[in-house]
Each structure stands twice: as structure tokens, then as C-alpha cells.
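Several structures are given next for inspection.
The following pair of complexes shares a single chain, subunit A, combined with subunit B in the former and subunit C in the latter.
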Partner chain A sequence: MAIRFPLSIAAAILVIGSLLALVLPEYYLRLLNLSAISAVAVIGLNFAFGYAGLISLGHAAFVGMGAYGLAILTTTCGWSPWLAAPAAIVASAVLAALIGFPLLRLRGHYLALATLGLNVSFYIVTSNWISLTGGTNGIARIPELALGSFAFSGEHRFLWLVLVVLATVAAVAAILHASRHGREMMAVRDDEIASEMIGIDTTRVKITAFVLSAICAAIAGCLFALHVRFVAPEDFTYAHSITYLAMLIVGGEGTIIGAILGAILLTFLPEWLRFLGTAYLFFFGLLMLCILVFLPTGLVGLGERLRRPRKRVSPVPVGAPEAT
Partner chain B sequence: MADFVQLLVNGLAIGSVYALAAIGFVIVYSATGVVNFAAGQFVMFGTFAGVATLINAQLAWPFAYSAALLIMALFGLLFFIAVYLPLRRGSIVTIIIGTVAVSITMQNAALLSFGSWPFRLPSPVEGSAVTIGGAIISTHALGVVGVTALMVTCLWLLFNRTSVGIGMRAVAQDLQAAKLMGLKVNRLLALSWVLAAVLAGVAGLMLGPMWFADVNMGDPIALKAFAATIIGGFGSLPGAIVGGLFVGLSEVLGASYVSSAYKDLISFGIMIIFLLVRPQGVFGEKIQDRG
Partner chain C sequence: MTVLEARGIHKRYGGLAALADVDLTVAKGQLVAVIGPNGAGKSTLLNVLTGLAIPDEGRVLLDGRAITRMATNRRIRAGLGRTFQHGRVFARLSVLENVMTGAAICGDLSEARLRDVSMEVISQMGLTDEANEAVGSLSYGRRRMVELARALACRPNVLLLDEPAAGLNSAEVDQLVDRLTRLRATHGLAIVLIEHNMGMVMRLAERIFVLNFGCKIAEGTPAEIQAHPAVLSAYLGEGYVHADV
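Moving on, here comes the complex of A and B:
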């Protein structure tokens, strides 16, 4: 029973993804790959923000750690990507635990700005530690992933890899969501003091959520490095962190489907606006603002509203604080 | 020694600009609770308002500066109506993402109207310099420090000696109570956005001659203003000033004495240390947002 939703979400990703792979032209496949990679990262962010309520503006730093980890191990050390990817993911998880331990005592916008500072520091270090990261030139010539003689090269083949990873990550996330751990995270998000009262170790729960988010981020980072086969500091700035958060909000925070939909929408939206020429980013910003104002619960919330159009939003209770 | 004095004044000048940006950010945050990620773009708009009036319209500088600040005041009002009012019931994150969305739009609006080539915004005291103890210091840098001191004094008078300013503080402290006391809360909230925009305008006009007027200048300024706010204390005006000057000094002195590549890491490193050890900053609000 509990396994039905995770399996169906994984199956849906694989089926819809494969159908799209058959009909879409090469350029759109590239966007689809990029949005699936983002979706993996955003599902991770959903652990930290959607479930545990930790506002992280440093998610791209963990994506970067995964990508750089893989890039350095495969090029400088000459490892196989099959070995380098797990090593990079474990390293990112350990770093997240070390960083999270002191940082997660903060909450709200303090945590937001601290993680933002973390992301800015990551950028400064990767663009200046030239002997390790190649500085702003980045690291090129990352080898491609191959299964025997079958190399995951080209958009088409890579999409299979990405879809399998995304389906796995989404299914695991759905299992965790329904598990005791997921419920603990949401309890901590909703009321930290109350969850401490009922015996939840809030520090452990927060760090678990943060580490899970970093693991997904690092998986996305490895995929990114294997897809583009080039990493540079520019790909992991705090602006990317904000984009991941925006994807989650636009899709619908706290849901896995929302994370995926948001990642797809915000990857494709700028391309759909290309007909506006140089003004496309101008309208992209305005459109995002409109989504936030008119769809506060995201695309997932829109679906709910269409299904139950008569259900009214409950009125604001008397005496509720406003505008604070 | 001469070098040190020169660096000190330059650091204070750039720090003054960060301080003004941080003050604008703090005024909005304490009045409305909005963490304004577009704060850096406000300063960028200020610089480009100067480009429009000084370079494009060729006005004499007193008129150009007044016109630029008037444009900024109107922009603050527009932001209040078009961004703050629709978003105000959203969560912290919705507001953060909303202001980020607006800053993308602002940056591209500037790009569309002014192009990607940087402008050189002239200073009213262009080219003049004074010698202090063997150090040659540009009059502009000294002027920036002076103007900032003047602005801070005016703000202090506004918040402590005028009924409007005291009303704004009342709104910041307790919106419901302020409303019950019969204050025109919406008008005061609008005023805090206008004030923030005008301060950003002053910062932008003073920054223009020190940096190039570039449509991408907003983000670095926003980051420095955030660091300044955290170091000084979230929600504290004296904190914003101290934090801004500190970030400016650490940037300029750090670049020459420590490492120019890692100069920004100093302010962000210190910001993170402050967050961990003393999140309320030097002068901070009492914090509940901490476990």
C-alpha cells in the first residue's frame, strides 16, 4: 500500500519521459535533460525547505560540490565516473553535515542569508583556488559515462540515464515522505517546540533533512558534470540557488510532483519567451511575480483548485497578524 | 602611512555607499518584514537615474540630482503598490523569490534602456583632490563620507524628532497597535519604501563615479548590504552604518594587505562567523528566530 505512490510516480516519470524522448527535437531534449537534472536538485531542496522548513539559499553550492567532486576525481585523479560519482556524493553529504551542524541553529531569514553567504564563499573559492578547480576557466574534458561499450553521449542516450536517476530519486523521496522520518521533518517545520516536547531530536532531524538535500544536490551535480562535461564556478552561483527555490515554490512546496513541474516550467519558460527577443528576461521576472501572487500554492495548488473549484480558501481568522 | 590614509578614506567612501544601501534595506525590513532582495537593484536604478538626468538629459548637476531622486521616490511608490501590496501576505520565501523576480525584471529593464556598455557617471567635484599628510585623496571620496554623515543625521532627526518618523517606528514595532492608535499605516508603509528608494538613489549617485555605471552592479551591492546588515545587526540602523563601513573597509584594506582575490571572502566569512556566534550582530534586535 505504502509503496504504491512511489512506484507510480517513478513509472509516470519513465513513461512520460520516454514518450517525450520519441517526439521532441534535439534542442528540446537538451532542455528536458537540464530540467530533469534540476528536478533532482529541487527534490533535494524539498527535503530541506518543503519538509523541514529550512530556507536554504546555498543549494547550488552542494550541486557544485557534487559536480566539482566528480570533475576533479575523473580528470586530475583519473578515476572512472562510476567510482567518482559515489565518492563525490558521499563527500558532499559529509560536508553538508559538517556545515549544517553549526548553521542549522539559525532559522528564517538568518538561515537564508547564512546559506547565501555559504554559496558566495563557494563561488569565491572555486574561482580562485586555481590549482584544484582551474579557477574561472573551470574543468573541461570530463569523461563520459559508459556502460560497457554503450556511452551515455548525446541528448537522447543521456535522457535515459537522467530519467532513471530522477525516477529513483523521486520514488525514494516519496517513500521517505510517507515514513516516520518525513513526518518528523514536517513536525519540526510546523512547530519546533512542540516536536521537541514529543521527543523528536530536532537537531538530528534538521541535519538529516539538510544532508538528504545535499545528497540529491550532489547527484544532480554529478549528472550536470556528465551531461555538459565541463564545470565552471558560473554554473553554481547563489542565483542558481534562488532558481532552485523558485522552482520549488512555483511548482508547489512540499510536494515531489511540484518540484518536478517547477523545474520543468522554469527551465522551459525562458525559452518559450524567446520570441520577445532581448526583453524575454524582463517578462520572465514579471511572470514569476504573477505566479507568486496569483498561485501562492504553486502549480500543484492550481491542479487542486481546478479539481475542486467550489472549495473556498478559508477566511483569515480574526486578529491574525497582517503585513508583518 | 600615506597609502594607508588613502585606503582608509576610500574604504570609508565605499563603505558609506554600502551603509546607505543597508539602511534602505533595514528601514523596509523593520517596517514591513520584507527581506528585499532587490535592494541592490535599487542602487543600480539610482546610478542609472543619474545617467539619465546627467548624461542623457544634460541637466546641471543640482537639477539632475534632484530629478534623479524624484524618479527614485516615484519608483519606491510604484514598488510599494505593484510588488509589496500583492505579496505582503506571502511567506518569507515567497517574498524573497518575489523580490528576486522583480530584480531580474529591473536589471533587464535597465539593460533594455541603457544597453550593456558601462557608463562613466561624472562627479560634481570631478578630478579634484586634496592632500592630507602626504596622501592624495579624491574630493569625491571625502564628499561621499560627508553626504552619508548628513543623511544619517537627517534620518536620526526624522525618526526621533518628527511625528512622521515616530509613526514609522510605531508601525515597525507593532502594526496592529499602530493601526488602533489611528495611524495611517498604509501611508507610513509606503513612505518607508519611498525612503528606502531615495536612500538607494543617493547611494547610486555617489557610487556612479567610483565604479562604472553597469547594469550588473546591483547583485554585488546587495550581497555587501546583506553582509553589512548581519554584521551590524538585523533591523538596526546604527548597525547598518557600522556594518556598511566595516564591509567597505575590509574590502579595500583586505584587497591591498591580504589578497585581492579573496577580499570578498573576508566580509562573508565574518558575516558567517557573526551569524554563528552572535546572530544579533553588533547592535541587534532581540532574536527569536534562533533555535
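Moving on, here comes the complex of A and C:
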């Protein structure tokens, strides 16, 4: 497999991010940090939804597991963030595997509802297990991440960290996409029975996709906790899961670039529409609707259309009847 | 030498007996056809053989090994292959990716080797020009070929084909017959063919099993089946005349 694309995508993230860091004011840098953190989570969601076709409305719960894991280990146990982050990510992956075994027996809308339930349960647990999570008050005073004397404090410095993590996650996702494991996931998405019929263990593939998705979500959660240095249940509700899903669909499901574009657009768009006052939600919704109707393959599909204007790009929806 | 065997298969769906005491034997390199009217239980039999349905009674043996309750993906790794009545392809993947996904079960091949092996199968099936096309953009007939190519890339010992000629024009059916004949000659592949195209069945099959209402009503050579009164009455029609045998 050519390593060129993963390296190119990583390089593009670092170069574009660095250039933006030079010109953007502090407030926009904060938004850029948040959108890059979201992009890590959305690349994760792309493994489950974009590649393996698993509709997850509980992605924010795994972001929360990463964030809370790091917050608890650093504040209550006094661990270094460098140790707490991998521990929180591993714990989230194990939980995803344990949850995935029963959950991934479900398909389609049932899976969507079950993952929604998972997210609601996460919110209820984090809101009420006060001794561990601080309840609705959350956990504050998360220590900042430092490399020797260099602390990743402030939006500028934190952006370097986020960009490196995002570039790494995107490159790994691109490598996986072009590998046999990526093809297996996409095969399961397109037709589970046909996948079994060529020897693919679909249960293993779905759990792998779900766990990979949770790992990226947990990485995003750790970054979020280190960036904001405060976590509370309100940051990981099912509404956030729907936003992650919207980011992926708007950007272009099944693509890494789409995941990143969607995360950036949906983070910045509310700010750009702020001049509309309370009417901004109406225009936000309208814009989303337009993208879904006129760009069913997302923002990435726009590039494809511009390159090949005459050829209609119409993806075959999962489960759609075949043309005969 | 028997490669695939089903013994005393019973399968019920509620009050309906989809299969009742059905036996099937396939020898190495043999092409066996299963025919019968719609609803006779032909596809159910393939589902039982491939593990998509578990029989209520009976056993399935592959190379003498019991696989009755084995998971589908493990049966495929053990040497079974199958295509479906309505063609099941990975529509958003390219032809090459479809076939590479199948070829991947052959072992721990490098991506380059996997590509070469897959291109070989694609070439055998006459799909070279469409190798990089998304399968969703191909015609129905070409999709069926992709599905067959993908099944062959898994290197099965026994290939189960569920109405492979359905929806194909006569030229495509002729191509399919040629390819199946060549595959058997070159790979010694055993084939179980479900088909309503009697011309194709009579040209290819060495042995024919006839199902009706879930029961086996006849078994024999094409000539024997065409003269069998129960088969003529239940399926072929009393005035059936086949000129191609």
C-alpha cells in the first residue's frame, strides 16, 4: 500500500494548522483547537459509521470516558497526564469491547437506539456518582500537560499538540482504510451476509471498528480534558453524539478528509452565524439541510463533482435495492 | 470422492416444512444441479449448506468433516463458496477491492500479491476493463460476474451458485457456461447449481436433484430427469422437450 497518502494527509494537517496558528487571533485558535479535537473524535466515528456502517449515537460517551478517565486519574490518584491518558484510552477500549459484544448483535435503528441509551446512561452515571465524578459540578483543576519545562498551556502551544495527534490519527486511519482490515469493514457495511460468505468474521470486524472508534473518541476526550482542564456531564450528552454524526455526514462519511472538514465547519459555523442572533439556529439547520440534499456525499463530494462535473456521483445507500 | 454431503436435512419455518429429509451428495469436480419450482426449498438448502440456516435435523459434511453448526465464515475458510440469487456485492467498493476482499482469506499475502492474485481472477472473468470501477455503477450482469469472481478468489473446493443466470442475456449465459466449464476443468471445482434455465442445467449438470415442496422427488442424470414422470408433472411440464442434451 502506498504510504504517500497517509503521509500527505498528515503533512497537510501540520502545514495548514501551523499557517493558521500564525494568522488567527486567540479566540479563533481556541475554536481551531476544539474543532481539531472534534476531528479526532469524528475520525473515530468514521471507523464505526463510515467504514463498518454501525450507527452510533453514543460516541460522546466514549469521548467522556476518555476525559473522565484522565480527570479522575490525574486529580484523585495524582497520576501524571502522560500516564493517565494512555490508561484512560485503554480503559475506554476495554469498555467498548465489553459493551460491543452484546450491543453489536443489534443492527440499524435498534443499534442507534441502544447506543443512544448508552450515552444517556453515561450522563446519568456521571451526574449521580458524585464521589467519583463530582456529579454535575464536574471535575476541575486537571493538571496541564508539560514536556519538561515546556507546558502545553495557552491556545497556541496546545494547538501544536492537537495538530500532531490529529495528523497521527488521520495517517493511521488512512493506512487502515487502504488495508485489508479497512476493506473488511467496508464490506461488512455494504453487505454483512456477503461478507460472511467470503470468510469474514463479521462479529470480529464490527467489534474492531467499534473499539477503534472508542479509542479515537477517548483520545479526543483526553485532549478535551487537557485543553479545558475541567470536565462535566454536560460536555458529553447525546446531543454531542448527534453533532459528531452530523460532522461526519456533512463532511463526507467514509472519508478522513470529510471527517476533518465536517468537524471544522460545524465548530466554526455557529460563530460565523452569530450575527444572526437567535435566528442563527434556523439558518444553521437550513444550511445543514441543503448540504444533505444537494451534497449527499458531503463536502468531499463537492470536490469530486467539481473534478468530474458531467458524471453523476450517486452513492448506493446501504441496503438499497439493486438496479436490474 | 465425496466433498460435500447433506444427510437427512429437515428445516421448518413455523408450520412450513421448507426441507423434509433431503439428501445431497457432491463428488470432487462434479457439477450437481438442484432444480424445482419456486418455493421448493432450493435456496433454503443452500442456506443450510452455508450456515445461514441451521437444520432442525440432519448433518452437513464437508470433506467428511461435520460442519452442521459451524459459523458461515468458517465454512468458507474450510472450502465452501457461494453466490446469491439476487447478487450480493460490495457496491461502494471497486471490482478489484471486492475481489481482493475475497482473496484475503487465502492467507497472509502482501497487498501487492493480493492485488496480483485478484487481477488474475478478474482477468479470468473478463472484468479487467472494469477493475477500478465502483461495482455499484456496473450493470446487473457484470455485478453477478463480480460476485462470482469474488467467490472464486476465496479458492473454494465446492462452489454453490444460486441462479447465476437470472437476469443475464443469452450471450452472457453462454459466457457463464463457458467459464464454469473452464473452471471445473482447470481447478477441479465441484459446483452445486440452482437454476431455472433448463438449457444451461442440462448442458452442464452431471447429476440433478429435484425438489418439490421441500422434498426430494427425483435424482439422476439429465436424461433420466427429463424422462421422470414426477419431475415432468411437478416442474418441467408434460410437454417438455429439451434439444440441447
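Some observations on this one:
Here is the rule we use: the second predicted complex is superposed on the first by the 311 of 324 C-alpha atoms of A that agree within 3 Å, B and C clash if a C-alpha of one lies under 4 Å from a C-alpha of the other, contacts with A are read in each partner's own complex, and residues count from 1 in each chain.
As a convention for this text, a residue touches a chain if its C-beta (ideal position, glycine included) is under 8 Å from a C-beta of that chain, and two chains touch if they have at least 3 such contacts.
Worth saying up front: this structure is predicted, and the values here are computed from it rather than measured.
By the document's definition of touching, of the two partners only subunit C reaches A:179; subunit B does not. Once chain A of one complex is fitted onto chain A of the other, the partner contacts of A:202 extend to both subunit B and subunit C. When both complexes are overlaid on chain A, the residue A:194 reaches subunit C alone and has no touch with subunit B. Once the two complexes are overlaid on the shared chain, A:281 sits against subunit B while remaining clear of subunit C. Touch criterion met: A:245 reaches subunit B, while subunit C stays clear of it. For subunit A, the partner that touches more of its residues is B, with subunit B and subunit C as the two candidates. Of the two partner chains placed by superposition, only subunit B is touched by A:103; subunit C is not.
When the shared chain is aligned, subunit C comes close enough to touch A:254, but subunit B does not. The contact surfaces that subunit B and subunit C form on subunit A in the two complexes overlap at residues 202, 322-324. Looking at the complex, you find that subunit C touches subunit A at residues 50-52, 71-73, 76-77, 81-82, 84, 86-93, 97-98, 100-102, 104-105, 111, 114, 136, 140, 143, 147, 150-151, 153-154, 167. Here subunit B touches subunit A in the complex through residues 32-33, 35, 37, 83, 86-90, 92-94, 96-98, 100-109, 111-112, 175-176, 189, 219, 223, 226-227, 230, 234, 261-262, 264-265, 268-269, 271-272, 275-276, 279, 287, 289-291, going by the rule given at the top.
Those residues of subunit A that touch subunit B in the complex are listed here as 49, 55, 57, 102-110, 112-114, 116-118, 120-121, 124-125, 128, 192, 202-203, 239, 242, 245-246, 249, 253, 278-279, 281-286, 288-289, 292-293, 296, 321-324. Partner subunit C is touched in their complex by these residues of subunit A: 1, 179-180, 183-184, 186-187, 189-191, 193-202, 254, 315-316, 320, 322-324.
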